[in-house]
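These are the structures in question, set out in turn.
Here subunit A shows up in two complexes: once beside subunit B, once beside subunit C.
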Partner chain A sequence: MSLSSGSNVHWGDRLTKFGPVVALALLVVVTGMLESSFLRPENLVNILRQQSFVGILAVGMTVVVISGGIDLSVGAMMGLAGGVGIWVMNTAVGGAKMVAENAAARVRHAEDAALGLTMPLELPWSAGREWLAGVFGQVGLGGSEVGGMFVAVVATMGVAMLAGLCNGVLIAKGRLAPFIATLGGLAAYRSLSLSLADGGEFRAEGSVFARIGTGGIDLPYVIRPATETAKAIYLQLPYPVIAMFVIAAVVAVVLNRTRFGRYVYAVGNNERAAVYSAINVDRVKIKVYVLMGALVGLAACLLSSRMNSVSSSTTGNLAELDAIAAVVIGGTRMQGGSGRIWGTIVGVLMLGVISNMLNFLDVSPYLQGLVKGLIIVAAVLLQSAGRK
Partner chain B sequence: MATDTSTNKVAVEFRGVGRTFPGVVALEGVSLEVAVGEVHAVIGENGAGKSTLMKLLSGLHQPTSGEIRVGGKVVGIGSPAAAQGMGIAMIHQELNLVEELSVAENIYLGREKTRLGLIDRGAQEAASAKLMETLRCPGILPTIRCGDLSIAQRQMVEIAKALSCGARVIIMDEPTAVLSVREIGALFEVIARLQADGVTVFYISHLLDEVLRVSDRITVLRDGRKVTTLGREEVKAATAKTLANLMVGRPMEQYFPARKACGEEVVLEVRGLSVGRAGGDVQGVSFEVRRGEIFGLAGLIGAGRTEVGEGIAGLRKLLAGEVLVRGGGSVAYLSEDRKGTGLTLGMNVRENTTLASLEKHTSRWTGWVGRGSEVAVTRGHVESMRIRTAGIERRVDTLSGGNQQKVALAKWLETGPSVLIVDEPTRGVDIGAKEQMYKLIQDLTQGGMACVLISSELNEVLGMCHRIGVMRSGRLAAILDGATATEQLVMQHAAGSMEGGER
Partner chain C sequence: MGSIPPGTRKTEKSNMKNRREFIGGVASGVAGGVAGAALVGPGVGVASAQVDGKKPRIGVSVPAANHGWTAGITWWARRAMALNPGAEWIFTSAGGPEKQIADIEDMMAKGVDALVVLATESAPLTPVAEKAHQRGIYIVNVDRGFLKPVADVFLEGDNKAFGRKSAEFVAEKMKKEGRTNLVVLEGIPSTVNTDRVEAALEVFKGYPEIKILGRQSGMWNREKALTVMQNFLSQHPKIDAVWAQDDDMLLGVRQAMKEAGREKEMWVLGGAGMKDVVKMVMDNDPVVPANITYPPSMIATGIHLCFSVLRDGKRKAVAQFMPRHLKIDVDLVTPENAKDFYFPESVY
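Presenting the complex of A and B:
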């Protein structure tokens, strides 16, 4: 009698399982036929690089969704964490100089005041920042760009993990619906970064930090029209792309092979049964959101380093939706309890290929959202049809 | 039940009906005629095909062979809506009411009475009140929110809804599984009244005493085929035992394993246990369970048996009292709600088996779960408990109820308990699996465990337990000796009078 669950289970299972891969392959082939330069290695690497930041977020989002939650705050969190990182780095690198300039300005202002001139005193650096610059100077991190890079990474990761911890505690201990808790986070984190940058952007000073996001590993490849002077041209596999794949692999192993991973599935599947099985559900949830935060931090480091700046108003905007879209396309159940990382990665690549294809085909950027939306909906329709 | 046998018009007829699913023959060549105004029970073990048969009638599935006639005409019932159009309604085990809507709104959901395009509440409520009148439950006011009704009352709303659609054939799937003794009596009165009005009732149940009490004729299915249909006279002569033999296909000689002696050493001591709950706290419950003993907790639904079990297991906060487990070891609680709290249905047999004891398989340093040891442990349980599954990597929701229950039990055995609390271990489980479950529980207690068996099925408690604690409205009313206790005695303490005794 439990046999009644659908007559084409196998067919459906397979469709749900490999549908995204088939769709991606189809998309690549079709695009390649329409536009041959699409298949050039440079272009493919370019797509990978563009998608790597969202890809890292989407890996974390997969874990969150499998646990039965959602995180709407990741885009804003990425903006805030990246911004704070640059802010802290600038404080470390240029702090001593700025503090000296501020001091000189204060002296001048005092002299002016003594002469009866009341010019307003405008100092670019606040007292708190001057203090932080002092601390960096004392521990030997001031002035050097390498030191700056170090504090930037630490600050970015720290802010993001702290924000993730906030989300997790609100959801696990505060019993808030994940949608609501992280919607609050979305508003709050964005507002914090706007306030910190006064609505402008965080611009990194120096060039060492930029190496993280712009560098890569050289891969030799030979251009085909082999002339007698054919020599190896190096194609660079960017660090963010490597990071995305490594993170995906590690998280996939964690999900499928560790106790924490098993608990994530159990909580997403049936939270009450997990409680009855003596699983500390609150702790699992908090860990999930802290992991999400850590991955946001990583993506933020790579992104702010690559761009060398973070806009307080736009960086990371709507990234949460791209991440969720990739998770959904990849076949993870929005209700939680089932899902897989590689599906998400396929989803991420699909989104990248689509926008790349639309650019090649000269589709108006205004219409690209429509196509993307249709493809997301189609992917989910196909999967739910497969489940029936 | 009294019926006018002269109206021998056939309401529903199955002719050689079969249904196959890929790789499985769920139903084959079933022929059956049911008269207008008849209460017809369909019984069989889980997997025998009774749900499939009813799903064909209610339009959820279509037959792959044979034909169904309703009112003498061959019909194709393509959907539940089509079934409704033919006057066939199914009352599902999980009631399908919208809790936030009122009784009247639920009854007319999807078929709202309207005036000028707006819902005519007055008319709906008047009609609902009238329906409730005919069902003799005028207490269920049309304006009450369904979420505020008891389960039994919701069931009445479902029946009213079916009648308001003009149903002439009503299918009831395990309607008494969640009802108390008194509520069951009320339901049977309603069924008799429906019957008098010429409504045909298909009655599906595991509880054979009930089936005998309520039905005119009984069809027994086994492995997708019809074994027999007992006529009116045969039903009068039949006993639960003859039905069970027909269902299983062999005589059930010893339903319960012979009681074995238990030890002297007290393993579980419950002293003055009080736990809070909505609708009256459970207070001052004290008892001891010895090594190898099966201690029964009987009582009516709502008497507080589950709360005691959860209190002992530490799943509920104790308001007062203490629970002592002597000689170390943990307490395992096999919950009554297999789907809600017992199992993680979306996970496979292996993952469920190890879920509560995953630390045993986890490397301390990496958090890595050793698949090999998980597989070995799970295989062991599948073999020793004879869990029927296509493999340990199959999702547990593909298993039958009895086998799911065994997986849940395996999960708890893995935690190495010295006290095992089993709450309604055989609910929704067929007879063969019940027998196995009883044997398992006995083997475990013989191995030195102390067991608390919570059950609504009196014969189970009487057949299995060394001693029986009877609960009544949150208190332990009596502790009886299992060997000498009778149904009457237990019911007397459970209800505080001599009423009942049916279950």
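Presenting the complex of A and C:
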């Protein structure tokens, strides 16, 4: 179909599509000129690694926003899922010890009772945890760190997807506005996390768990040459970065090449038309939020592995805002119905480059939030002005 | 995604809009960059990539100054760095562990020879500290320790003595005054908090009349301690004393007590020697009978120490004389000796 200004239409559309990418490229060039060590491979890999966790969240958030919703609870969900994962892992790895300590306490209590002393029985580990430790021992997962890692991943994914399911059901069946439902989730998941850890941290026992989040594939670039006592250290492409790109590719395929993806765009674009087209809108919405939960679970596994711990009060705090910012900057509209995964990835990278640049320029960490806010507002204003 | 229905003629106006949107996309990115550059304060130059081969490059990573003690840390750190121009210093402060991990990775990317780190939280920072250690970076760990012995020097205040001395004072005073009900406030989860609290609880175990009504974390933060104390006050009709272990928290606790009108009922023991609180001790304030020192200047000690190892390229030779674990003693501040610990010109 050829319109009189057909070639201009094509050209204009292509320009809008690539706007964020060109902006990112310009930003990289400008920063590279201001500060040459910005372009060092190790720094670039650092940016990718630091943004990979938000990146995974942002990919899921893109799907949610395209479907016409929003999810404010992802940060708290990540903290809760990661924390529960470590809690369960510690129960598996240290399970035998817990069972033994509880048994010893019971024996002492019985001895005291025999002597006529009536002090209450104080178990070092709660009965529920002891039972779980026993189960792990019987199943053969107890004691080994690798078994513990497996258990942690399963628990984390399970908690995150369950939370996503709750969100989805409240929104689809309960007809709650996504903003409200996930706002409640935000408060609830954070408080569950705090109460499970008593306000403290979940610390992973052992260090095998940390290898996923801190390890990577060696690249042929030497950071520190070999000395007499140690071998050379190579630049690594971190596993979380690989995960982010793989996940982005998979979700992009799901969105663009599967029926489910088509339904997501339809529901976001015009929900009523979708209903009349015999799309099961409720089921689509629930699946979207469960998918978000699954991605939160993956991000939580990687993040809690990187820190080998999860803080019940600070981990994931405000992560949802970073994810939403990346989605917005990448060109996805908040009303829903349109958007691209790779646009979000560009948004994530842009946020990372800007953070990195502000660090190099020694800008106070408090002012960095201001810059982020300015960019988000500017991006949305300019995009919507272009559309009118 | 296909926003133009078939059959529409795209007018010149909408072409201009598409172009505008493109320019908008580019401009938003560049505007962000320029805004960032514009926010750079005067005197902060672009970090030089050319470095004199002989000057050691040392990174200092501390928690952000969001309460009085950490503000003291930043102030002392900057003073110490200024006193040692023989090194190239990179200073970052972080509001939370994730940012601090990112800061340390950035410093490793910039090729630092050494790090002075006061961890925001002990556990999350341990993996990245281990990575730095494997790179051969000299690490001085101040105050909040890593969970593994990856630092070359660990410098801390004697937190066990802190817990013990403060608890002994509280227990003895409570015994003398016939008081029994105590509430305990904890800090940010870290080796510092664990050492203090465990030492204090050990002491309290030896005084069976003392009942600990509650234990909660105030995160060494004034607002959080206010909330925690408000909860304690509404839960417990009679509280005799508060072991608060920190002066920022003490101020929050005191405010809660004042608002509930229960200042006469109990007294509070803080810690770290904030000048306002030391003044209260000096003036024989009945609510604040004593204090324990825990000087933020220990970061300066760490920085001087780090520089002394790296200067003149004699690192290997000097490092072998450095003790791995240094403990700074703490003092009990009472009305009698308070004037020795009162520094009105201090920032903390």
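In this section, the second predicted complex is superposed on the first by the 343 of 388 C-alpha atoms of A that agree within 3 Å, B and C clash if a C-alpha of one lies under 4 Å from a C-alpha of the other, contacts with A are read in each partner's own complex, and residues count from 1 in each chain.
FYI, a contact is a pair of C-beta atoms (placed from the backbone, for glycine too) under 8 Å apart; a residue touches a chain by one contact, two chains touch by 3 or more.
What you see is a predicted model, and the numbers here were worked out from it, not measured in a lab.
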{"item": "Broader residue contact with subunit A after superposition on the shared chain, subunit B or subunit C", "value": "C"}
{"item": "First (subunit B), second (subunit C), both or neither touched by A:259", "value": "first"}
{"item": "Partner chain(s) touched by A:338 [first = subunit B, second = subunit C, both, neither]", "value": "both"}
{"item": "Partner chain in contact with A:356 - subunit B first, subunit C second, else both or neither", "value": "second"}
{"item": "Subunit B versus subunit C as contact partner of A:233, first or second or both or neither", "value": "second"}
{"item": "Partner chain(s) touched by A:309 [first = subunit B, second = subunit C, both, neither]", "value": "second"}
{"item": "Which superposed partner A:276 touches (first subunit B, second subunit C, both, neither)", "value": "first"}
{"item": "Touched partner set for A:35, first subunit B, second subunit C, both or neither", "value": "second"}
{"item": "Where subunit A meets both subunit C and subunit B, residue numbers", "value": "1, 3-5, 8-9, 265, 337-338"}
{"item": "For the subunit A and subunit B complex, residues of the former touching the latter", "value": "1-5, 7-10, 254, 257-263, 265-266, 269-270, 272-279, 337-338"}
{"item": "Residues of subunit A defined as touching subunit C within the complex", "value": "1, 3-6, 8-9, 11-13, 15-16, 18-20, 22-24, 26-27, 30-31, 34-37, 40, 42-43, 46, 49-50, 198-201, 203, 207, 210, 213-214, 223-224, 227, 230, 233, 265, 303, 306-309, 311, 313-315, 317, 329, 331, 337-338, 350, 354-363, 365-367, 370-371, 374-375, 378-379, 381-383, 385-388"}
{"item": "Subunit A-touching residues of subunit C, taken from the complex the two chains share", "value": "1, 3-4, 6, 8-12, 14-15, 17-33, 35-37, 39-40, 44, 46-47, 49, 64, 92-99, 101-103, 105-106, 108-110, 121, 123-128, 131, 134-136, 147-148, 186, 189, 216-217, 219"}
{"item": "In the complex with subunit A, residue positions of subunit B that touch it", "value": "21-22, 24, 26, 46-52, 55, 60-61, 315, 333, 335, 340-347, 351, 355-356, 358-359, 362, 366-369, 371, 397-400, 411, 415"}
